[in-house]
Amino acid sequence: MCRWLAYSGTPMLLDTILYRPDHSLIDQSLRSELGVETTNGDGFGVGWFTEESSTPALLRDVGPAWNNRNLHEMADHVRSPLFFAHIRASTGTAVQQSNCHPFRHGRWMFMHNGAIADFHLVRRDLILQIDPALFPDIEGTTDSEVMFYLALTFGLEQDPPAAVARMAGVVERTGREHGVELPLQMTIAVSDGVRVWAFRYSSARESRSLFYSTRADALRRLHPDEKFLQEVSDDTRLIVSEPLGDLPGAWNQVPESTYCLVQPGVDELLPFEPQPA
Amino acid sequence: MCRWLAYSGTPMLLDTILYRPDHSLIDQSLRSELGVETTNGDGFGVGWFTEESSTPALLRDVGPAWNNRNLHEMADHVRSPLFFAHIRASTGTAVQQSNCHPFRHGRWMFMHNGAIADFHLVRRDLILQIDPALFPDIEGTTDSEVMFYLALTFGLEQDPPAAVARMAGVVERTGREHGVELPLQMTIAVSDGVRVWAFRYSSARESRSLFYSTRADALRRLHPDEKFLQEVSDDTRLIVSEPLGDLPGAWNQVPESTYCLVQPGVDELLPFEPQPA
Amino acid sequence: MCRWLAYSGTPMLLDTILYRPDHSLIDQSLRSELGVETTNGDGFGVGWFTEESSTPALLRDVGPAWNNRNLHEMADHVRSPLFFAHIRASTGTAVQQSNCHPFRHGRWMFMHNGAIADFHLVRRDLILQIDPALFPDIEGTTDSEVMFYLALTFGLEQDPPAAVARMAGVVERTGREHGVELPLQMTIAVSDGVRVWAFRYSSARESRSLFYSTRADALRRLHPDEKFLQEVSDDTRLIVSEPLGDLPGAWNQVPESTYCLVQPGVDELLPFEPQPA
Amino acid sequence: MCRWLAYSGTPMLLDTILYRPDHSLIDQSLRSELGVETTNGDGFGVGWFTEESSTPALLRDVGPAWNNRNLHEMADHVRSPLFFAHIRASTGTAVQQSNCHPFRHGRWMFMHNGAIADFHLVRRDLILQIDPALFPDIEGTTDSEVMFYLALTFGLEQDPPAAVARMAGVVERTGREHGVELPLQMTIAVSDGVRVWAFRYSSARESRSLFYSTRADALRRLHPDEKFLQEVSDDTRLIVSEPLGDLPGAWNQVPESTYCLVQPGVDELLPFEPQPA
């Protein structure tokens, strides 16, 4: 399992979000409180959008985030309006760069915390359901990347919620065909550089933790002296596996079987159900 | 493409073979003369059999062999009667440990120099022909590992030459189905810890270089003062992508479309042809 | 800070000691209970003696021990009568192979848990007290390696306890000259391939934890069914930063300001005091 | 030895300079033509200035540049008006991140190709001449970093040419005191984010190659159709260990015992001589 965060809003130095908070993602790499594992040290990745390119830049490596100097360098020098960060705790697949999140396809970025149960049993059948034209782009061996490519197969670039719902449907059906009772456990983030979708779902309806931050304008009224809140736009938003601190009123749990859409204008919180593919 | 060597004979400190010769594999990692690339710096691996275990030990890493300290340490401290060593020049697939040779399945070890042409076109179709029971053990993304698992599917552990011939047949048929004229280029080594099989074949019948060493007793008569030859048994044998030096009479080219079998007793040199699978 | 273990006795597959125990060193890399940090994921090292060489073999790498495949491979395939293993939690110095323990000089091996307080203040003055003839061999930037080279300067190869005592004396004097009240915190292991010395000391007389195992013959009487005990000689001994399990009677704390000498025949437990250098 | 380049001028995607030219630095990492070694695969580094920070960002890693994905990602997504890039061929010191160039101190960046002859003989004496207040910042073990810290000791931040001259003087004097006839071989680049100084010098007056690019306005008259030249300001300048291509008139050798100053306005080419420190 893993921990992740997605940021969208006022262009921000990555350091402000990744290192500075009391219970930052870097701190979570050593001391996760809500994750399945305390330690998330099996690789990491950051992906960020800039004005230079329509595709996000990725920095991924196989060591722990907490001691990685290149990550710290980028955090100190890169400002971005939309970025993902992910720390990995391998559930058995190899610790290698191609298994580090976020994954990318064109301008789309994807990251995941959770697991396809008994992945070794269903991997082959799932891979066969990926569009053969996309198949050559698979580089790693994780269940997460297979989920991404299934979602791409089912139209992620056209309609993310529908594509993720069909992916989840396929994973559940395939798992059950192999006798797996509870095939899926997932919290997923997806972005095209403008919007961020975040999904919380599990077959058992007991999904891993997922939180979204309160709108900055509302939070600013509660905490008028909080410096960070004065520097960000009203619609700056964070979605995180676990809260980055304990500021009262700042964090709201994404409900079970729900997805959020963070976008310019009004964000949305909507029900999520797997669909037959 | 890559360079490799296989050693079988008197238990030998790895250093003697890997580092000491004038044109050792370490030297070839910087200055290959017969390879497609001069530099073979995209990872390396060594696998050796010992009395401690029925499976070979593997040391593989993603950096170049020439500056790897752990490799040098093992070379200085490990003695083995049968070992493989491989240096990689990636033809595009990721530089990661799971893509480094040798590959292992139980007590079987496999390494390869060459390529399946247009692998991205045929990868999916080839993977589908791997025994589903073996499929979950695939860890990397190379054509070489797919070749190994196809050979295992076709009975490598029972009859290596027949299994490799069927693997080559499948690769050629699948390639041609996708319009690839010359689908296969390979020099392969396989071992079960007792015998070593080495194959040289390509669809174009212009295979990468492969050499076997002259029997030590014959070579000793030519070079009575050569110290190395006095320390090894008559049937000590090396198979290499390119000669480790220029000792006259020491190296013999494996003929086109041929395989060698190195074993206790008399070695063999036999014709190789792909077979329909 | 860090965790380590030293093994001496019946030649043993490393796996038996490094991976198998309930609270093995690998488990401690994720979940240390007595260490300063819970996580020890900033590199690792193993050093072992074999009959092949008078020097120990070293395998060291910068990632965490818990996911390192080469470490697992060596553990599965190497048998040794005397080995050290170390997992690192950096106190600030770079995570690089040359900072991983054990350190080696000729046939001598050294590892350490602890710290020289305010090392950045005293590093230069300490380095100047290293024998200039040894100076070029320093490869890393840790306080631990400086302690090793100071001990070598003071005759480690002739009289380890006296040399370590003078090293500790120099570190304390130099620290105090820079206004550091409690300059030293150390648990050290040293070996020449035959004997193992382990030291527990700190300026505050509140040293990090260190334990030695009960003699196997005594422990066997307590636990006649314990399989491991039936396989080892009476004088097989482990010295560890924290116990590898909770077998009653198995682990004894090394007293404050004390060193043990593990050797063929009778082991010793003797007082340790820094000496003026 | 190594290869490097320094870019100053119109803000440019790193990819344009690092990967696109026929004989780019990436190509030189595999096939250097003028360097001491053909292969420069023992680590790399890139440092760039942006508007986000007064300090340059550094990306450095221990593998070869040619297969590093994070480097390629940054090259594809980072635009900068002033950046350094360096590929390393170790002359024996460890392949570790802290030995990769560029080195940084505050907003100052430094890189080097060359060597202090018999560095192991003089290292201790040179280190002692570094300002003790700077000493704790030394992280690696290269001669290059020692040269940087000596130059900082002698006022690099106030007067770079004078400080580098005194550093070279100290290196030559110290070498000769140890019986080294030709103590220094260097091509150095230094920047504060606005200006770039590049030095070419060796005790033998046979310095490694160093080239500067012709002013873009002059070159544009020669090659009116060259697309790159139409995109850059007149004073855009490259300084390189070896030319990135063979465009006639584009590259000029920096004369022996000379330094260039690249700056807003008129660049300079001035004589360089070591000075007594």
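Labels for the chains are A, B, C and D, by order of writing; each one numbers its residues from 1.
We take it that a residue touches a chain if its C-beta (ideal position, glycine included) is under 8 Å from a C-beta of that chain, and two chains touch if they have at least 3 such contacts.
Remember, predicted model here, so these are calculated numbers, not experimental data.
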State the remaining connectivity among chains, in groups separated by ' | ', when chain B is set aside.
one piece
Is the number of contacting C-beta pairs greater for A-D or for A-C?
A-D
State, to the nearest whole Å, the distance from the C-alpha centre of chain A to the C-alpha centre of chain C.
41
Touching two or more other chains, which residues of chain A qualify?
97
What part of chain A is in contact with chain B in the complex they form?
94, 96-98, 120-121, 123-124, 127-128, 132, 135-136, 138-141
Of chain D, residues touching chain A in the complex:
13, 50, 52-53, 55-61, 69-70, 73-74, 76-79, 97
Chain C touches which residues of chain A in the complex?
30-31, 38-39, 41-42, 62-64, 66-67, 90, 95
